[in-house]
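In what follows, subunit A forms one complex with subunit B and a second complex with subunit C.
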Partner chain A sequence: MTEQLPGPYEKIDLKKKDKDMLKKRYKQIKYEVGEAVGVIAAQSISEPATQTTLRAYHSEGRTQLVTTKGLPRLIELFDARKIPKTPTMEIYLDKEHNNKEDARKIAAKIKETKLKHILKEDSIDLINLRIELVPDSTLLQNLDITTESIITLIKKSIKHINISCENEVIMIEIAQDKKPDFTISDLQSIRVRARNLFTKGIKGIEQAIVECENNQWIIKTLGSNLKRVLKMPGIDASRITSNNIFEVAKVLGIEAARNAIIKETITTMREQGVDTDVRHLLLVADAMTNDGTIQAIGRYGLAGQKSSVLSRANFEETVKHLTNAASGGEIDPLESVIENIIIGNIAPIGTGMIKLKVKD
Partner chain B sequence: MTEIYLDGIYTGKCDNAEELVQSLKEKRRNNVLPAQMNIAYHEDKNEIQLNLDGGRVRRPLIVIENGTPKLTDEMVKDIKEGKLTWSDIIDRHIIEYLDAEEEENAYVAISKESLTKEHTHLEIDPVLILGVAASLLAYPEKDRGDRLNYGSRMIVQSTGIYLHNYLLRDDTTSHLLIHSQRPITSSQTTNATGLATHPTGQNLIIAIMPYYSYNIEDSIVINKSSLERGLGRSLFIRTYITESRRYWGGQEDEIGIPDPEVRGYKSEEKYSMLEEDGIIPPETKVKDTDVLVGKTSPLRFLGIQKEIRMGIKDRRENSLTVTKGEECIVEKVILTSTKDGNTLVKVSVREPKIPEIGDKFASRHGQKGVIGLIVPEEDMPFTKDGITPDIIINPHAIPSRMTVGQLLEIVAGKKGSLEGKEQDSTAFKGNADEIRHELKKLGFRDDGKERLYNGITGEIIDAPILIGMGYYQRLYHMVSHKIHSRSRGPVALLTKQPTEGRSKEGGLRFGEMEKDCIIAHGAAVVLKERFSSDKTQIPICKECGITAIQDKIKNKMYCPLCKGSKIVNVDMSYAFKLLLDELRSMLIYPQIVTED
Partner chain C sequence: MSKIKEIRFKMISPEIIRKLSVMPVVTSEVYGPDAYPIDGGVMDPKLGIIDPGMRCQTCGGRIGECTGHFGHIEFARPVLNILYLPQIRLILTYTCHKCGALLADKTKLEQGIAPKKLKVMTTCPDCGAKQGKIKLEKPSTFVRDKHPLTPVEIREHFEKISDETANLIGIKGGRPEWFILTLLLVPPVTARPSITLESGDRSEDDLTHKLVDIIRINHRLADNLEIGAPDFIIEDLWELLQYHVTTYFNNEISSIPPARHRSGRSLKTLAQRLKSKDGRFRHNLTGKRVNYCARTVVSPDPNISLNDVGVPELVAKELTVPIKVTKNNINELKAHIKNGPDTHPGANYVTRPDGIRKKVINENKESILEELAPGHIVERHLIDGDITIFNRQPSLHRMSVMAHYAKIMPHKTFRLNLCVCKPYNADFDGDEMNLHVLQTAEARAEAEQLMLVEKNIRSPRFGGPIMGCDQDYISGAYQLTKIGTTFTKQQTAQILINADIIADLKKDTYTGKEIFSFAIPKGINLEYKANTCRKCETCKKKECEHDAYVIIEDGELKKGVIDTNSIAAFKGRIIDTIDMEKGHSQARLFLDQITKIITRTMMKQGFSISLDNLDTDKTTRTNIEKAIDKQLEVIEKQIEDYKKGKIDVSPGRTPEEALEDMIMIELWKITNMTQQIIDKTVDETNSAIIMARTGARGSIQNLAYMSGLVGQETIRGRRIFRGYTGRTLSHFKKGDLSPTSHGFVRSSFQKGIDPIEFFFEVMKGREGIMDSSLKTRVSGYMQRRLVSALQDIKVGEDYHVRDSSGTIIQFVPGEDCVDPAKSDRGYLDKQIMTKH
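Now for the complex of A and B:
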């Protein structure tokens, strides 16, 4: 321990008595050589996790986002799923936009709108063989969309059609050159495609809810798209968070992803009333991210990449690892714990770390 | 349009569903439609389900017309006099059966008093809302629901008179309570279900108080003199079966006292109880590993020539022996033959089981516990009349579980034992105030509490203690069947690791998670010791890394591959040696690199 206190505490002048106390405490909380930190971390996380309920808590009918919580969420995090079950974002606003109206406006802008969301009516006219779309005029006004823009959007994305507009009714017909070999089902598929056309907002964000916490307006979203949201004006880019770890790693880098793992795991556990020391989660997050990518804890992640053959075979897919090792002529140096237990040696952990060298 | 389904198959549509359902029900009641038909109208799904198929669970309910039940008091009187039968009532649709689906449309009143105009049916008796199992309990309406569930489940585990022809039966195992009694607080269903003639326990004097912390954590303190008088005494009956089989090549098993030259011959003493035919006679006292039926079988494999020449018979001993740790008396012997014509011997043995510390008891309120201490009667607390309790349960068992029914059972049982009358504890029929009043009339405190004197010091106990009579069951979980320990013992042939299970005198598995705990403590040497139950030494060639050959006659070791003699002995677990062998069998060549 250095004499000086780190970072923000640098200028604090401490009495000698307090300094000694600090030193003593620091020594107490330090791990000793050979301490099985990994096993302790695993036990500290998984034992309380068995106590929490397996069932996700339901909160239907509330203006609240229903997110994955508890054990399922914890499993999702440690398995490093590419896309979480319920990706969410918390978007903070900058000083000028920190009010209800601006928050609502931004939320409306963020939310993904498909064509079907703004349609009052859509049907297939079987006599004239055309699709008729009737947009909701009040919704159009609210979202600042014009009928013309819808027409250009449809024209751009669906080919071989003729499009016309009459009394706010958009009519889609099959182009003349394609007419001979077309059926009703083609018309139906065009209708489905048109309905799902992306019209406005940010892709992937299904819901955006405005909430106020400690005089701070926050937009909570269901669905996550950091890259696009970061470019939005009015938001505070330094405080925006997403629970999609892979997205965070891609947009903000692996260090941010490490922090996201720690934050997500600790909040998930605290929510369930599990009070685990953060350092265990720090260790797990470090292990998951230390090669620059996010690795899962399991067969295809950390456990599958252990150097020892016996160690890998002990975990899962025994035959696969043994045959691969045999064909590759692998040598197991017996350096870790499991292999030594298998062959019946003293494992290099705790008291087993000490080796005696006899002087001749 | 409402869809109509008959036995789950779509049959048609109708416009006015409610009218149709009403008319269908009327037709059923007028014997136009079969009485087995149940009509259910699901408003939410907009469909009518007509059920006529078998396998539906249906229950009887009194039909109500215009707010009055069809079953009148005169009819009840006629039934009592035997003028009216159940089938008459069913035929006249006074009582009708509803299935689970139609029940959803019915509005059933629990009692006559709560009847309103909206009700469509009336419960025959409020008890019927409970199932058979729950209605056997005492005052079930005063207990929490989960406790009733536990209580019903524990009746199943009780020792008692499970069937009256137990002497003729040959169940593999069975328990019989010797002095079984019918409960002093019993419900009306007790008689109906036959539980009165098949009792599951005994009426005991219960005191609810702590006893020098020997009844903490749900354990119970039991009176030694009560045990000597026969409290909870039961018989454990086990039937052993053996058959003389025929084998390939004309060989067969032989039942009889084995020849001393047979392989695996036990000591002569073990066979001393057998009669000439090799079968033990009834009423013989036997203990573990004693032979019940002597039997020899042909060898499984052909033996080595040498042994045959030495005069040892080529038959092996295969007698029927008593299970380890049991001491019993032969009850009966059945000698018969199977349909293949093989001789079949069944030997029933009985073992009297006197309650001991660790045996399990339970009341009918989900309150179970094991015996924590057996106290001589003189040390038990006593009342001014000199009554000592049979068992003492801990007051901590009551508040969190809220089994008020048990307290009422004790008080009612006290009243019943003083009056010499059985008490009715049917659901919704008990009246606590009445019981209290009656108890007071008998000259006792109305809450069933009494001043007790400490049996050891003779001092009066400060607090009044609830003492009364309740029904207690002895459950068939007994320590003598579960106690198990091992220091050294048998190992499995394949792995050289300790065997598993009580019957094989096995060890307790030190599993994966336990291993992790030792790792977390950093106790590497403890870990090694724990996992070296199958430690072996294997000679390994230093150059090839393969298992070497040990020639004991020439007293030298050599490598089968390079024929070299640079051999070292390597310590490893036998399981690892097996793994290496298995890899070798799959044409994988695992090399062991040795250090200097």
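Now for the complex of A and C:
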């Protein structure tokens, strides 16, 4: 190994004496060959999970966004679920937009608005057999939507209807050619469809709140859609984060996903007051993203794809792995830990990697 | 010794079955009228023996010598092997039923693309035969275009497939037709022993029952085939045979009712023997039983070293260490043998170089002594200083298994130093622990070098000490080192001699700080805030009026009190620094010495808590009451506003949620204010506050619960809403949103809580119990998965992190090659790093 100190230490200006001391210590505290870093990482993460209270909820001083925390969140991350229970984003703003008004404006633009959110009233007129929608004019102004645009939107998405507009009231009727065979329930279903029409914002963003941290205005969202948000003007694309690791992998690539895993796991643990070295989480994240895709820790991920038959059979789905091995004529090279324990050899890890001859 | 290099998995062929088999099993009868196994039955003595005194009819071996022999059953009609159903389906779909040719893109298969991802051709490229669609009708019938396929047809189809085609589809471990069974291997009797009950009845193994079923139905099928019975009878029997063979392999297939024992218990057949936690793999192959171990209750002993474990004499006489006799140790070992097996430092066995092992008994010890010579191996009792491995389950991290030096003691429990409780997570309410005695020099050396307690003081999780003092040691250290504690020369001498510290006492009186300093090694310099720090706006450092700024110069405690931040696990700065700068054994010695000093001083001073400590004076009480009333009024107003619809709702929330949020914040303020009032007014000498501030046990919050108020009880982070419709208890009106009706406890524990408050309190308590019991299971499984996924990852010989197949996971371990287990909280040097 080189005589150099780790990066951050090389950068800082040190006295010769201190530097020599650090160099000496660095030599002493380096990893040794054969160290079972995997097991230590696994234990360092899961031991505090069993010992301390990794609470899922905490009452004091909570924000309006309720997100998954503690043990459930950790498991969610290691399981590599495609969509987390509570996807969130943190959106930073660029210099020109770093103020309250712009933050609010952008937040309103981002938030997914469905037609029902901007309606003051909606009802079915049973006499005239039509649906009446009354948009909230102030909301319309705030969100920069016009009644006309609503009408065209409805026209585009729902077929066989006639739309008219009188005094800010939008009326929907069934088209003439369909009239003979329709019922009230058809009208009702059109109403439901109309109410759920996507009108404005970015799909999937259920909530967007504005917060200020250290003179930085941040938009925190419930729901995540990196791809679309990144295209928004006014945001600082270099600092935006999402807690949906699959989305991060898709939009920004696997390296970003690896960083997202590290960030999410370490904050989840720190939040609960668990002090764990980052190196353990680095290893887990590296192992999870090693082949360029995100692999879960578990039966269908890392543990289920190992080269050793015995190791897989020992973990889960014993019979399946054994029959597959037999029909595929697989060979277990007995290279890792479990197989060697099973057959009674010394496992090639740690001191087991070194052969020692004892003189009789 | 030869070593297994690799294991090749293959399917078993009918030829090999015939070769392996010593006899065909033909009759479903098991025992004759004379209770002797019938020849040709499943318990035939040719298949091995399980009864003592008998000899195997195949190899002539006795019990233990003969491992048993296989037999076989010849099926009248072939049946499918249910375990290979996915493979059978694959071959049926991807090969032509007329000529056995491949029905998928050959080049793509050669590239290693899984056949499942490829399109199936509808006509055979070789013979042009039209291919039907294959469907699986549960449990085990394949249908091609509404025509059900019999195993005979499938087998004929499979026989046409060339080896090359089979290989391409992924069948490399044998011929496809072997998936359809014509012969069944009958396992030896020794693999399915019957048990003789007390009444003399025999109880057969589940596998034997199943085999009998198979033979019986097979027999009936054969008979019916012979007499030319109608097709439907044959088909029924064939199906029945398929069922029995299926359940023989796996009795937990979802679409098949499991075969049951007479009592209704489902049978444990082949797959069940291997599977899950109590199966062969996890129970017998990975989990192995060992000799030379002991298990008993643990109890504390403040007088032994951190490295030691107190072993009961009873255990020491049973557990032995094999020692090879040499010229140098022969007299020592002779003394052991002279003591015999029953007196403590004795010996139990002597093995001569020719391999003959003799038990040492009082009658023969003289003769053994006479012939004892270098080269013999004496299994002597465990004695003081022997290295042993100590463990407490659940073994969640590597500090759950550590090496201790044995210390033989009277009575019947294992004794351990209190500082080692943290890593083991042990307490003394009946905990039991395991002890293992190492048998080889190699193992002893490794245990001593790597697993010894003092070498594990620094946890690999965060790079700080995981061992340290807690509870009384902390409050004791505070009492000892606070300003005003002095001891006479005589008292000081008593304290120090107990801690094995030899010092030249020149002064007449010694302060607590001076006594404590005797334990700190020279050359230690530290400066930090103690846990008792009040977090003043500007830290006065040296001039701290609470004596909460610790200064240690060259091993002398100059200023500050000792508490959690100095000597506890996780936080203890002194332990951390000594371990880093002076080495593991100095850190251990420090812990040994201060714990003894503290126990001695505690014996002189005493420390207790009483009901008086919870009393609050009148003004404090009224202050708290006022604060509560004020907040409750605020909440009342909020509720009124909500009812009038005047509440401020943030987008995306309902008014109800908004109100709840607001109420929770106000309620939280009550607890907070009470805590602050108590924290400010409480007497400095109050035991409860000393414990809380030093970090020995409890918190200000606990004290606030006892003498202030209990406050809001929450369930799942919300106020309590469970119970009747619209209300928690029948004492309240429906729709009442007031704090009292949703779990607000106004009383303190000292004052006593009323029945309704008690009810809410218990609801919260129950939630806690539920939570922890559910959580252990969830996190236990998470640990198993994590370990399974990562266990093979190690630092390779080239310093790259690799997994078992050699794939590089990280080029530099941990990105800077710093081992957290040896680091200063993850840094090379935390002080230097944080300064910059």
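Heads up, the rule we're going with is that the second predicted complex is superposed on the first by the 326 of 360 C-alpha atoms of A that agree within 3 Å, B and C clash if a C-alpha of one lies under 4 Å from a C-alpha of the other, contacts with A are read in each partner's own complex, and residues count from 1 in each chain.
By definition in this document, contacts are C-beta pairs under 8 Å (C-beta built on N, C-alpha and C of every residue); 3 or more make two chains touch, one makes a residue touch a chain.
From a predicted model like this one, the values you see are computed outputs, not experimental measurements.
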Touching partner for A:Asn345 - first (subunit B), second (subunit C), both, neither: both
Touched partner set for A:Ile40, first subunit B, second subunit C, both or neither: both
First (subunit B), second (subunit C), both or neither touched by A:His280: second
Which superposed partner A:Leu322 touches (first subunit B, second subunit C, both, neither): both
Winner by number of subunit A residues touched, once subunit B and subunit C are compared: C
Subunit B versus subunit C as contact partner of A:Val169, first or second or both or neither: neither
Contacts of A:Ile29 with subunit B and subunit C, given as first, second, both or neither: second
First, second, both or neither for A:Val337, with subunit B first and subunit C second: both
Shared subunit A contacts, counted only where both subunit B and subunit C touch the same residue: 34-36, 39-40, 42-43, 322-323, 326, 331, 337, 341-343, 345, 349-351, 353
Of all residues in subunit B, those that touch subunit A in their complex: 515-517, 519-525, 527-528, 531-532, 535, 571-573, 575-576, 579, 583, 588-590, 593
Subunit A contact footprint on subunit C (complex, rising order): 3-11, 83-84, 87, 170-174, 179, 250, 271, 274-276, 279, 281-282, 285-286, 288, 394, 396-398, 425, 441-442, 446, 450, 460-464, 570, 650-653, 661, 664-665, 668, 712, 714, 716-717, 771-772, 775-776, 778-780, 782-783, 785-797, 799, 801, 803-805, 807, 809-810, 813-823, 826, 828-829, 832-833, 836
Of subunit A, residues touching subunit B in the complex: 34-36, 39-40, 42-43, 322-323, 326, 331, 337, 341-353
Residue ranges of subunit A touching subunit C (in the complex, touch as defined): 1, 5-9, 12, 14, 18, 21-22, 25-26, 28-51, 53-54, 57-62, 64, 71, 74-75, 78, 111, 206-207, 209, 222, 275-280, 282-284, 286-287, 290, 297-299, 301-303, 306-311, 313-315, 318-319, 322-323, 325-339, 341-343, 345, 349-351, 353, 356, 358
